[in-house]
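The structure under discussion is supplied below as C-alpha cells; questions concerning it will follow.
All chains are identified by letter, namely A, B, C, D, E and F, in their written order; residue positions are counted from 1 within each chain.
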Amino acid sequence: DFESALLEVHPLFGVSEEDLDRCVEGGIIKFSPHVDKILQSGRDFINQVRTNTTPLLSVLLHGPHGSGKTALAARIAMESEFPFIRLVKPADMLGMNEIQKIQHLSKSFTDAYKSPLNVLVLDNIELLVDWVPVGPRFSSAVLAAIKGLMENKPPKGRPLLILATTSERTVLQQLQLNFMMQIAVPNVMTARELAGVMLDESMEGAFSEADVERAIGEIREVTGGGEGVNVGIKKVLLSMQTAMQSQDRVGRFAEVMGEAVAEGNAGV
Amino acid sequence: DFESALLEVHPLFGVSEEDLDRCVEGGIIKFSPHVDKILQSGRDFINQVRTNTTPLLSVLLHGPHGSGKTALAARIAMESEFPFIRLVKPADMLGMNEIQKIQHLSKSFTDAYKSPLNVLVLDNIELLVDWVPVGPRFSSAVLAAIKGLMENKPPKGRPLLILATTSERTVLQQLQLNFMMQIAVPNVMTARELAGVMLDESMEGAFSEADVERAIGEIREVTGGGEGVNVGIKKVLLSMQTAMQSQDRVGRFAEVMGEAVAEGNAGV
Amino acid sequence: DFESALLEVHPLFGVSEEDLDRCVEGGIIKFSPHVDKILQSGRDFINQVRTNTTPLLSVLLHGPHGSGKTALAARIAMESEFPFIRLVKPADMLGMNEIQKIQHLSKSFTDAYKSPLNVLVLDNIELLVDWVPVGPRFSSAVLAAIKGLMENKPPKGRPLLILATTSERTVLQQLQLNFMMQIAVPNVMTARELAGVMLDESMEGAFSEADVERAIGEIREVTGGGEGVNVGIKKVLLSMQTAMQSQDRVGRFAEVMGEAVAEGNAGV
Amino acid sequence: DFESALLEVHPLFGVSEEDLDRCVEGGIIKFSPHVDKILQSGRDFINQVRTNTTPLLSVLLHGPHGSGKTALAARIAMESEFPFIRLVKPADMLGMNEIQKIQHLSKSFTDAYKSPLNVLVLDNIELLVDWVPVGPRFSSAVLAAIKGLMENKPPKGRPLLILATTSERTVLQQLQLNFMMQIAVPNVMTARELAGVMLDESMEGAFSEADVERAIGEIREVTGGGEGVNVGIKKVLLSMQTAMQSQDRVGRFAEVMGEAVAEGNAGV
Amino acid sequence: DFESALLEVHPLFGVSEEDLDRCVEGGIIKFSPHVDKILQSGRDFINQVRTNTTPLLSVLLHGPHGSGKTALAARIAMESEFPFIRLVKPADMLGMNEIQKIQHLSKSFTDAYKSPLNVLVLDNIELLVDWVPVGPRFSSAVLAAIKGLMENKPPKGRPLLILATTSERTVLQQLQLNFMMQIAVPNVMTARELAGVMLDESMEGAFSEADVERAIGEIREVTGGGEGVNVGIKKVLLSMQTAMQSQDRVGRFAEVMGEAVAEGNAGV
Amino acid sequence: DFESALLEVHPLFGVSEEDLDRCVEGGIIKFSPHVDKILQSGRDFINQVRTNTTPLLSVLLHGPHGSGKTALAARIAMESEFPFIRLVKPADMLGMNEIQKIQHLSKSFTDAYKSPLNVLVLDNIELLVDWVPVGPRFSSAVLAAIKGLMENKPPKGRPLLILATTSERTVLQQLQLNFMMQIAVPNVMTARELAGVMLDESMEGAFSEADVERAIGEIREVTGGGEGVNVGIKKVLLSMQTAMQSQDRVGRFAEVMGEAVAEGNAGV
C-alpha cells in the first residue's frame, strides 16, 4: 500500500510520518468535486516550490471546525514525496512556555533549511499562538516569531512550502498573519453529499440505499425540513461510529446528525 | 452492596474510588425519565470506547448548578468497571500554580495511557481553567493544555473516555473547548418531580403524601403560583436536611424551597 | 458573665476568642424582630452541623456596610460552644502575597479538620479575595482557593459550619462564590427602630424620650421629611459617641445622623 | 510663638514636626466662617479620641485641589498636642515598591500603637495608593493594606485618630475606602472672601482696598462677569507671589487669577 | 552589473548588503510615473543628508501590504553609496526579548554614528514594535526606545538618513512615532499599469499583448467589471509565478488575480 | 557670542550646557509678539525663584508638536545664568527600566538641591512617563515618582524652577500631573508670520520678497485657499532645508509646506 511504499523510497522521511498518517485515518472520501479541486491545487503549489519558481510559498487551508483541513493538508504533504515533511501541531507544545514554543517552531524551520525540498504543515495555526476568542487572548511573542519565520526567505536552493490550517481565518487576518495563497475547505453541505459519504465503499456497506433515504428523512424532520446539512466530515464519521453501538443504527444516526445539523443552523 | 463488590473485582481500581463514591452520597433518585436516558447514553459511550470503535471520545455533561452532573458522571464511570477510572476536580489543584496544574492534568492522561480501558472524569471543567465571569478571567495556559490533552490521540489499544461536567456550557463554547458529544442534565422542573423526590424510598418516609401536598401548596404561595420548580436536586436534598432541624419540617422545607424557586425564577 | 464562663469551659477554645469578643463590643441590641430571627436561624444551622445531618454547611450573612453582620456572625459562632471556632478577617493577611494568603486560609480549614465540631467565620469575604469595584479587581488565585476549600468535603466526623459575611452579595454571585444558605442583615430602617436603639438600656439613659423625639424631628427636617432611616447600627452607635463630645448632644446627634440618612438616600 | 512653644512642651514630639510645620507655611487665614467650623470639628474629634470614647476614629478632609486640606489637617494635628503625631505623605514613599510602601505604612501604625494618644495624618490618600484616573490605575495591594490598617482596632488604651486628606472623594468611595467621619474643605468662593485674603494682615498691606476693588473688577472682566471665584487658597497665595515680580502688581494679579477662575469655570 | 560594481567600490559596505539585494529580487518595474518620482525624492533626501543640511532626517515610506515599499527603500539606500548602510527588519529579532531588541536597535544606531555618512532602513517599523491590531498590542519599551533613538541628534559630522517602511501609517500616528518626511507608495491601480507589468521586459515575454487583453477581460468578469485593480506589485508577480505551473497560464493568472482584486475591493 | 561668554562666567555650569545649546540650534526667530511675551514670562518666573519668593515653582510650556517649546525652555533656562541648570529628556533614559528611570530623575532633583539657585528642564514630560495614547499606556511608577519629586519642597535656601514641556497638555491633566503656572507656545499661524520667518536675517536672504509672495500663493492653492498656516516653526525650518536640495527652491518649499498645512487642517 501507499504508506509502506513510501517508507521504502524515503528512509529519511523523518519523524512525523506516523503523525501525518494518523491525520488521514478516516481516508479521503470524494463526497464533492471540491475535494479533487483542493488536491489539484495542492499538487500545483507543490510543483511551484519543487521547480523553485517560488522559493517560499505559504498556503492557508481554512474552513469550519471538522471540515477535513488537517487530513487534506497531510495528504497533500505526503503526496509531494519531498525529503523533508514535518507536521507541527499545538499538542506538540503542551506545557511549553513562550520561549520554548518559539524555539520549537524555529527548529522546525531550521531543520527544513537543511533539505533540498521541504513541506511544513502548521496545523491549527490559531492555536499555535494560543488564540482564545474570550478577551481575546493570544501569545504576541509566538505570533511575532511565526510572522518572522514565515517572512524569512529560505537559503538559496532550499525552497519551502508552508501548509497551514485554521478554522479562524478572520482571526488570522486580524492578527495580520498573512498567507500568499488560500484554499477553502467546505463542510458536507447537501443531503446528496451526505448520501455519498454513507454509501462510500470505505463504509463497507454499513448503510443501504433505503437506510440513507430514511436517515435523511428523519434528519429533515428533526431540523424542521430544508435541504442543507452543513456538518463537517469529521462529525459525520463520528456519528456513524456512535450509531454502531445502537440496535437502531439508522434511527440513532439520524438523531445524532439531527442535533449536529440543528447546532450548525443555530450558528453554535 | 455495589461499592464493596466493586472493590473485590478491581484491586487496582485506583486512588479516586472513594472520591467517586462520595460524589453519589445522595444516591441517584429517578425523579424523571431523563435520569434513565442519561445513564443509558452513558452506557453506550462506554461501549463505543470499550469496543475501540472510537479510541478517544469526549462527552460533556452540562446543566445548571446542583442539577446532579457530578453524581451522574461518577455513576457512569463506576458502572463501566474499566480498570482505570480517575476523577480530576478543581479542589485537587488547590494552591497550585499554572505549571503544576498542567503537570497534574498531564499526569492524569499519561496514567490513563498505561491501562487498556480508561475513563477520566473532569469535574467542573470551567473551574479547572480558573474561569471567573468577572473580567472574564481564566488561565489560558491551563486551557491550552486541556485542549492539547483532549486532542491528542491515545496510543493504539488504549481507548479513553473523557467525561467532563460544567454549569457553564456557553463559556466552554466561547473558550473553544470542544467536545465530541454532549448530554444535558436538567433540574427538578415540576411539582410532580419534586413530589417524586420527597416520597422516594431513600427519604425513609420523612414526608407523607399529605406533607408533600402542603409543601407544594406553600411553595406556590410564596413564589406567586405557577407550576415550575426549576431547582437542582442538590438543593432539594439540602433543603430537606435543613427542614429536619425544625419543629415544623414541612413549613421550614416550603420556606427554604420557596426561596430557591424564587431565586431561580429571578434568574439569580 | 458569658465570656469568662466560656473561657472556663473551653481551655482549648483557641486564639481568636478575643477577636470574636471585640466584634460584639457594642453588644447586640434587639432593635427589630429580625435580630432574633437571625440568631434563631444561626442556632438551627449550628444544630444541622452538630448532628452531622449536613457535614459541610456554608452560610452567608449579607447586608449593607455596618449593618451588624460581623457582630451577629461572631455571636452565633460563640454561642455554638464548638471546640473549634476561628475568625478569619482581611486584616489578618495584611501585606501577605497571594500564596501566603492561600496558605493562611488553607491552614484555617486544616486546623478545623482536627476538631470534632467546627465553625469558621470568614469575615468580609469579598475583601479576602481583595475585591475592588474599580476595574474590577480581585485575586483569582485566592478566589479559586476559597472555592476549592469551601467545596472540599471535610473528613468523616469533622462537620464544619462556615459563616461568611459580605456587604457585596451581588459581587459574590458574579464571582460564582456560592453558599448553601443565606441570611439577610438589614439596617436600622425606621424612626421607631432608631428610638429603640437610643433608649436601649445599654445606652445607660444617655437620651430621654423627649431627646429621642427631638432628634427624630430634626433628622427629618435635615433630610426633607420621610419615615425612612436606613442607617447601619454601627453608624448609629458611632453618632452617639460623637454627640457625647458636644454640649448639645441631641442637636449634634441629629446633625450627624441627618448626614448619614441623606447619604443613604442619595445612594452613596 | 506657637511652634517654638510646642517644641519645649514635647521633646519627644517626633520626626515629622517640621514636616507638619511646613504644611502651614502660608498660615491659616480665616477668609470664611467655614474655616473656624472645620477647626472646631477637628477639636471635637481630638477629644472623642482623647477620652477614649471611640478608640479608633477615621476622618476624611476632602475638597478641591489646593483648597487647604493639608494645612488644616496639620493644624488640627498639631493643636492636639498628642505625644505621637505623624504625617505620611506620598513623597515619603518615592521609588518604593508595593511591599516597601506597605511596610512603611504598617510601621506608622505600629509606631502609633506604642504611645498613649495618637494622630496619624494620611495626606493625599488617593496618591498613597498610586491612583491615576487614566485606566484607572492604582495599587490594589497598598489599598488592601490601608483598608486593613484602618479597620484594625488599636490595642487597648492606645486610641488613634486618623486624619486623611483627598481631592478625590468619589474615587475613595469607588475604592470602598471608608471613613467614619468626613469634613468638606471649600475653595475661596466669592469676591468677598477673596478680598478677605488680599487684605489679611499676613499680607502685610501688599494690597490696598482700592487695589482689591480694581483687581476684582479686572478679574470679572476677564472671566465674563459673575460673582463666583472658586479658586483654592493655595493658588490665590501663589498668584500674589507671582504678582510681586511685576511692576503692575494689581494688573498681574488680576491676570493670573483671571486665568485660574476661568479654568475653574471651564471645569478643567 | 550594479551589485558587483558596488562590492568593488565599498569593501566595508557592511553585512546587510546581501539582505538589501534580496529585497529587490523582483527588480523595480516602472509601471507608473510614481515609481520614478519616489526614487527622485529618495535621491533628494540622500543629498540633504550628504550635504549635512539636515544632520538627522527621518523619512517614512507608507503604502498597502505588498506595494513595494521595502524594495524601493532598499534601492534608494543602495544608490546612495554611503559607507554605512544597514537594514533592520523584524525577522532579525526573532525570539529576542524586549531588552535584547532595544540593544539590537541601539547598536544599529551606534554603529551608524561611527561612519561619516549613514542610511538606516527600518523595515516594517510597526512590526519592530510588535504591533498587533487585536488588543491592540505592542511593546511600549521598544517603541519608547525607537522614539528616543530617532529623536537623538547624531554626533557632529555623522549625518544619518532613516528610511522606515510601514503598511500601518495610521497606527504610527496613533503611537506618536513621528517622521520628518513621508512618501506614499501606491499599489498597481489600473488595468493599464497591470498591462505594463505583464509586458515588462523582465517578464521575458511570458505574456503576449493578446494574453494581456484576455487576462484583463477575464479579471473584470470575475470582479464584476470596473477599471480598478488595486493589487500590490508583490502579489502581481506571485500570481504570474503561480500561473506558470498551469497549462492555461492566462486563465490561471486571471483566476488568481481576480481573487486578489475582489479581496482588495472587499477591503479585506 | 552668548554661549562662549556664558562659559567664562560659569565654569561649573554643568554637563548639559551643550545639550541646551543644541536645542536652540535654529535660533529664536521673533515671528510673532508671542515670542517676546513668552521670554518675558520666563524671566519673571526666574526672578520669582531667584528672590526666593516662591522656593518651588513649576511651569509648563505646552503647545503643538514642533512649535518651539524645547528651544524656548532652553533659552529661558540659559538666560537665568543660575549655577545649576539641567535638561532631562526622554532619550537620556533609553533602555532604562522603571527603577533606573526613577533613580535618574531623583538624582536630577537631588543634584539641584546642592546649588543655591536651580533650573530643571523636563523635556517632553509625557514621554518621560512613557505615555502612548494607544491603550493608553504609561508608567505609573515613573509618574508617581515625578509627582512626588515635583511636590517635595526643596531644602531651605535651595529654590528651584521646574520648566516642563509637553505637546499633550490634556494628557497631563488626566494624569493629574499639576503645574503651578502654564505658558502656551503657538504654531506659526498666519501667512504674515510665515513671511517673517522666510525673510528673517538668519535665513541669509535665501528667499526674496517675491519668492515669499509666490510661495504663499502656491501654498494657498494646494490647500484650497484660506489664510491659516498653523505649522510649527520646526517644520517650517525643515521645509526650507529640504527646498534647498531642489532646483526650484520656491516651488519645492511651497509643495512641502502645502502638505504640512493640509495635514494640520485635516487634524492629523
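The criterion applied here is as follows: a residue touches a chain if its C-beta (ideal position, glycine included) is under 8 Å from a C-beta of that chain, and two chains touch if they have at least 3 such contacts.
Here the structure is a predicted model, which is why all the values come from computation and not from measurement.
Enquirer: Chains touching subunit D and subunit E alike, please list them.
Expert: F
Enquirer: Mind listing the chains that sit against subunit A and also against subunit B?
Expert: none
Enquirer: Under the over-half criterion for shared residue numbers, do copies subunit E and subunit F use the same patch or different patches to meet?
Expert: Because under half of the interface numbers appear in both copies, subunit F and subunit E meet with different residues.
Enquirer: Quick one: report the Å distance separating subunit B from subunit C, using the average Cα coordinate of each chain.
Expert: Chain centroid spacing, subunit B to subunit C, equals 34 Å.
Enquirer: In angstrom, rounded to a whole number, how far apart do the mean CA points of subunit A and subunit F lie?
Expert: Measuring from centre to centre gives 59 Å for this pair.
Enquirer: Could you tell me the distance, in whole angstrom, between the mean C-alpha positions of subunit A and subunit D?
Expert: Here subunit A and subunit D have centroids separated by 68 Å.
Enquirer: For subunit E, give me the residues that contact two or more of the other chains.
Expert: Residue numbers touching two or more other chains: none in subunit E.
Enquirer: Applying the stated contact rule, could you write out the chains in ring order, opening with subunit D and then subunit F?
Expert: Once subunit D is placed first and subunit F next, the ring gives D, F, E, A, B, C.
Enquirer: Within the complex, which stretch of subunit C touches subunit B?
Expert: So the residues of subunit C touching subunit B come out as 44-45, 47-48, 51, 53-54, 99, 102-103, 106, 136, 138, 140, 143-145, 147-149, 151-153, 171, 173-176, 178, 180-181.
Enquirer: Which subunit E residues qualify as touching subunit A in the complex?
Expert: 22, 65, 90-91, 93-95, 127, 130, 132-135, 137, 238, 241-242, 244-246, 256, 268
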